[in-house]
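Some structures are shown below for you to check.
In the two complexes that follow, chain A is the common piece, with chain B as its partner first and chain C second.
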Partner chain A sequence: MSRFAKPVKIALSLIIIAGLIVIPMNFNRYGLFILSQWAVMTIAAIGLNLTLGYAGQVSLAQGAFVGIGAYASAIMTTHGWPLPAAIPVAIVLSFCVGWVLGYPALRVQHHYLAFVTLAFSTLAFLVFRNESWLTGGIYGISNIPRPHLFGIATNKPLPFYYVCLGSLAIVSLAVWWLIRSPWGRAFMALRENPLRAQSLGIDTRRYTLMAFAIGSALGGVAGALYAPLTQYIDPVPFNLSLSLDLLMMVIVGGAGFYFGPFLGAMIAVLLPEWLRFTEGYYLMLYAIAVMGLLIWSPTGILGILDRYLAERRTKAASALRAVAKSRLETAQ
Partner chain B sequence: MSAVLEVTDIKKSFGGITAVDGVSFDVREGEILGLIGPNGCGKSTLFNCILGQLTPTGGEVKLDGKVVTGLRPSELNKLGVSRTFQLLQVFPKLSVRENLILAGQEHQGNMASRLVGRSDAGLTEVANQMIGFFKLDHLASEPAGGLSYGQQKLLDAAMAFMGGPRLVLLDEPAGGVNPSMLTDLKERLVAINREKNATFVVIEHNMEFVMSLCSRVMVMAEGKVLAMGRPDEVRKNPAVIEAYLGH
Partner chain C sequence: MSNLFDLLVAGLATGAIYALVAVGFTLLWQTSQTINFAQGEFVMLPAFLMLAAMHAGAPFWLAIILGILLSMILLGLAFKMLLVDPMMRHGVLPLAIATMALAIGIKEAVKQFFSAEASPFPSIVPTGDISILGHAVSLQSIGVLVVAILAVFGLTTLLNRTSLGHQMQAAAQNPTVARIIGVPVERMILLTFLINAFLVALASLLITPIYLAKFSSGEVLGQAAFIAAIVGGFNQVRGAIAGGLLIGVLDNLAAAYISTQYRAAVPMIFLIAVILLRPQGLLGRAEERTV
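Here is the complex of A and B:
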C-alpha cells in the first residue's frame, strides 16, 4: 500500500467514510440491519486478526467472546444499566477470560492450540445454554433496549447503525495505533520468530497473553453491540460456527493485513445477501467462491494486492539498479 | 579484570546423550573469547544453556557474580546479555531499520510507555547510527529479506548490539560471509568491543577469523573443555591438533 501517494490514500479513506455515513440514509430497515451487522462483525474480526493475523496465535473461540460480551450487555441493559456502562464491563470480562485462555498458548501452538480454544468455545456455549438463572437458557434474553446517547434515542435502525459505525471507527483507530506501536512490532516478532524475539528481550509470554486478551476484548465489544442490535439473544448464534465464520472473515480478507477484517466481514455478511437472488443455491455459490479465492490466493484478498504491489516494487528496484549500473559503466 | 560471566560445571543431556559434560570457564570483562571445536561438540548447546533457551541438567551460570541459571532468554537480554544464532534470524518482512528498532525497543521504557509512546520507541536515531556503523546506509529502508546473505549476517550482528549489551554471544558470525565482508565484520566487532567495552564470546569455525579476533580461545571436544588459552598457545596444543585442527 505504501506505493500509493499519501493524499490519494487519505482522499480514498474519506470518500469511503462519507459513503458509509451518507448512503445508508436511504436504506430500508433490513439493509441497515445488515450493514450494522457488518460493522459489529468487523469489530470481532479485527480482534481475531490481532490475535491470529498479527500475533500468530490460532483461536477458534472468538465467537464465544462475542457471546460473553453480548450476555454481559444484555443482562446489564435489561436490568436498567445504560449501554455505555455495559460496554466497559463486557470489555473487562472478555479481556480477563481471554487472558486466561492465553495460558494454553504458552505451551501449545497451531493445531493443538486450535483444539484448546475449540474446547473453550464449546464450554462457553454450554454455560450460555445451561446456566439459565443468569442467561435465560434456551429461551434467551429478549427486549434488550437500545441506548439513549447524548440525549438521542437510538432505537430506530439508522441511529443505531451510527452507534455501530462510530464504535467501529473508535476500535479501528485504537487498533491502528496498537499495531504501529512497539507492541505491534512485538506481536509480529512473536508470529515470525518467537525464539529470536525472546533473545531480543521481548517477553513472549506477556505479549502472547496480551494478544489473546486484547483480541478477546474486541470480541466482547462486538458482542456488547450485537445484543442491542438484535434486541434478542439466545445461545445459538454464539456456537462454534460463529467462531469459524469469524476465522473465515480474517483469512478471506487477509490475515495480518489491517484492512483484512473489513473486507472479510463484508464478504461474509453481504455476499450471502447479494447471492439471495439465486434462491436455494446461494450458500453453495458462496462456498465455491470462498474455496476458489483461497486456492487462488491463500493469503486472502489483500494478499493478492500485496503480491501485485511487491512485484511492482521489485520491477522498479531492478530498473533503478539497471540505470545505476549503466551509469557506472559509462563513468568507467 | 573481573569476570562478567562465570560458568560452573554446566551439564546438559538429551536422553542418553550428554551434549555438554561439566563445562566450567569464565569470561573476563572486555575480552573476546573464541569458542571452537568440531561439529557436535556441544558449543551451541552450551550457548543455549547459558542463555536460558535450554535448562541445563546441572551446573550454574553467574552474570556479574549473580546466579542467573534458569532465567528466561528475555530476562537475560534485559540484564544485558545478547546473542546471534548460527542460522540467520532477521525478520525478513521488516525493513533494516525496523529490525533494529525491534531489537532495541524492549530496552526502552516499560510496557505502558511502549503502548502509548512513540511508534519507534525513540530509536530511529540510534538505529540510523547502527546502520551507518555497519555500513548498511543504502539499505536502511529495504526489507531485510531482500538483502544478500552477508548483509543479513551484518544486520543480524547489529541487532544484537541495539540493547547496548555488556555481553554478546555470537554463534558463527562469519559462516557463509565472503572474505571482503568478513574483514568489515571483524573491524566492526573490534570497534564495538573497544568503544562500548562490550565483552564477546564467539563460536566460529573460521580459524583465521578466530585467531586474529580473539584474546583467548576455548576448545571443546565431546562436551568437555579440551584447552583454554591464548590463540598461539591453543594452536600448538597437541590435544587440540589431534581433536580438531588436524595435522
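Here is the complex of A and C:
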C-alpha cells in the first residue's frame, strides 16, 4: 500500500495547490478576501499548532501575536517602509515577545499556563487600545498600503491573494522542514515526556522557549499580512476571542497533525460564510458543529482520519496474518 | 477618605458576585476537571430566562424561580449530560475548547432569540442609600453583599458540616476511593453541576440590575471569575471567595487611583504574579505534579 501511497499523496497535494491557484481567478472581491483570510489565519494556526500540537504548550495568546505583527506592519508601511521590510520586523518582535512569554511555561504547565497567556493576551489588547500615540487607539490605523512585489502592484484582491497564498506556502514548507528536523523531534519529545526528554540530553528549557517563540513569530507573520489585507486595523479583532478562535482552529483541525491548521482554519473562516444563508443562526450552527465534532472526535477532524487509517491498517495486517496462518496449516 | 470607603463597599459588592461565579468554577474543576470557558455566559443567560418569563406575563418572583430552575436544568443537567459526560475522559483541553464553542453558541442564541440591545433588569433590592458610619451606602451594594454572603455561607456549611458535603468533597478529592467506600460519585458530580448552575443564576440576579442584561456581558464576568478562582486557589472554595473579593476591590481601586484605561490590566498583572510566585493560589494547596 505504501508503495503507491506517496505518489497519490503528491498528486493530491498538487491538485489542491493548482486548485488554490486557478479556481479563485474568477472569484469576486469578497470571495478572494475570505480566501486570503483563510491563508492568513492558517499561518497563525500553524504557529499555534507548533506550540500546542507539537511541543504541548497551551497558549491563549496567539491572537495577541497576530495583533503585534499587524500593528508592526501597519505602522511601518504607513510610514513608507515596504512590506518585505516590515515582515522581518514583525517576526523578530513576536519572536522576542514570545520568547519572554515562554518563561512562565518553564514554571507552570497546562491550565495555569493557559491563564498566564490569557492574561498576556488581555494586556496586549489594552496596549493596542490605549497607546494611541503608537497604535491610533480605538480609531485604529487606516489606509494601510498593499505592497509592490517584484514590480507588481498587489492593490487588487487577486494579486494580494497570491501574496497570502505564497506566504502560506513558504511558511508551510519551513514548518514541514522544521518538524522533520531534530528540533521538531525535540518538540515532540517535550510534549510526550518532558522528563525523559531531559534525561536524553535535550535542553527542555531552551526548546520550550523556542516552541513559544517560533509559534509566536508565525503569529506575527500572519498579522503582518492581515494588516495590508484589511487595509485598516483597530484593536477589536485582536482581543481574546481571536486567540480562542485560533485555539479552536488547531483543536478542531487536529492538534499535532501537520494539516490540522489548514482544515481548522477552513472550518473557522469558511464554514460561517457557507452558513450565511441561515442569516442570524450561522454562528450558533458553527458553535453546535464544533461541539458535535469534539464530542465525536476530541482529536479533531484529522483524528477521525487517523483512526480510520489505523483501523484499516490493523485489518489489513490481521488479514495477512490469517493468510499466513492458513498457509502454515496447509503446509502442515 | 469617604471616596475610599465607597470604593471599598462597591468593590466588595462586585467582588462578592465574582466570588459566587468563581466558587462554581472551582467546583466544576474539582469534581470533573472542567475548565468552563462559558462560565461568564452562564451568568448572562439566567437574566434573559427571567426576562423571558416576565415577558410571558409571570410576576417578578415567579420569573426568578422559573429562571433559577431553568438554569439548573439547562446549565446544570443538560450541560453535564450532553457536553461534559461524553468528553470528560478525553482530557482537559478538548472539553475546554468545547465550552468555548458553547460560549459562542449561548451568546449568539441570546442575540438571535432575544435582543442584541442591552435590556434593563429589575433589582431585587430597593434602590436608595442608607447611612453607615456617616457614609451614604447604596442599598443595592448592601443587598448584593448580604445575598452573596448568605449563599457562600450556605454552601460552605453544606460542604463542611453535612454528610452530603463530605461525600461531595470525597468524590472531588479521590473518586476511586470514594467509590469504594460507597459514595455515589456520579450523583455527587451532578450535584456540583446543579450547585454551579444555581450560583450563576444567583449571580445573574444580583449583577444584571447593575450592568444591564446584554448578550456580551458574560465576557468580562467570566474573565473576572477565572482570575478570582486562580488567584485564590484553583482547588479551594474559600480561595475562590477570597479571590473574588480581592479582584472586586482591586478592580475598583485600580480604576480610581491608577488609570481607568488600564484598570483591566491590574488584575491581570496580579494574576501573572500570583501564578508565577505561588501557582497554587493564595489559599490553595499545591497540586501534585505527575511530571
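Just so we're on the same page, the second predicted complex is superposed on the first by the 316 of 332 C-alpha atoms of A that agree within 3 Å, B and C clash if a C-alpha of one lies under 4 Å from a C-alpha of the other, contacts with A are read in each partner's own complex, and residues count from 1 in each chain.
Simple rule for what comes next: a contact is a pair of C-beta atoms (placed from the backbone, for glycine too) under 8 Å apart; a residue touches a chain by one contact, two chains touch by 3 or more.
Computed from a predicted structure; not experimentally measured.
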Partner chain(s) touched by A:180 [first = chain B, second = chain C, both, neither]: first
Winner by number of chain A residues touched, once chain B and chain C are compared: C
Which of chain B and chain C A:206 touches, first, second, both or neither: first
Touching partner for A:116 - first (chain B), second (chain C), both, neither: second
Contacts of A:275 with chain B and chain C, given as first, second, both or neither: neither
First (chain B), second (chain C), both or neither touched by A:195: both
Shared chain A contacts, counted only where both chain B and chain C touch the same residue: 193, 195
Chain B-touching residues of chain A, taken from the complex the two chains share: 178, 180-183, 185-186, 188-189, 192-193, 195-206
Parts of chain C lying in touch with chain A, wherever the complex brings them together: 35, 37, 83, 86-87, 90-98, 100-102, 104-105, 108-109, 111-112, 219, 223, 226-227, 230, 234, 261-262, 264-265, 268-269, 271-272, 275-276, 279, 289, 291
Chain A residues touching chain C - in the complex, by the definition given at the top: 58, 104, 107-112, 114-116, 118-120, 122-123, 126, 129-130, 193-195, 240, 244, 247-248, 251-252, 255, 280-281, 283-284, 286-288, 290-291, 294-295, 298-299
Parts of chain B lying in touch with chain A, wherever the complex brings them together: 51, 53, 72-75, 77-78, 82-83, 85, 89, 91-94, 98, 101-103, 105-108, 111, 114-117, 119, 121, 159, 162-163
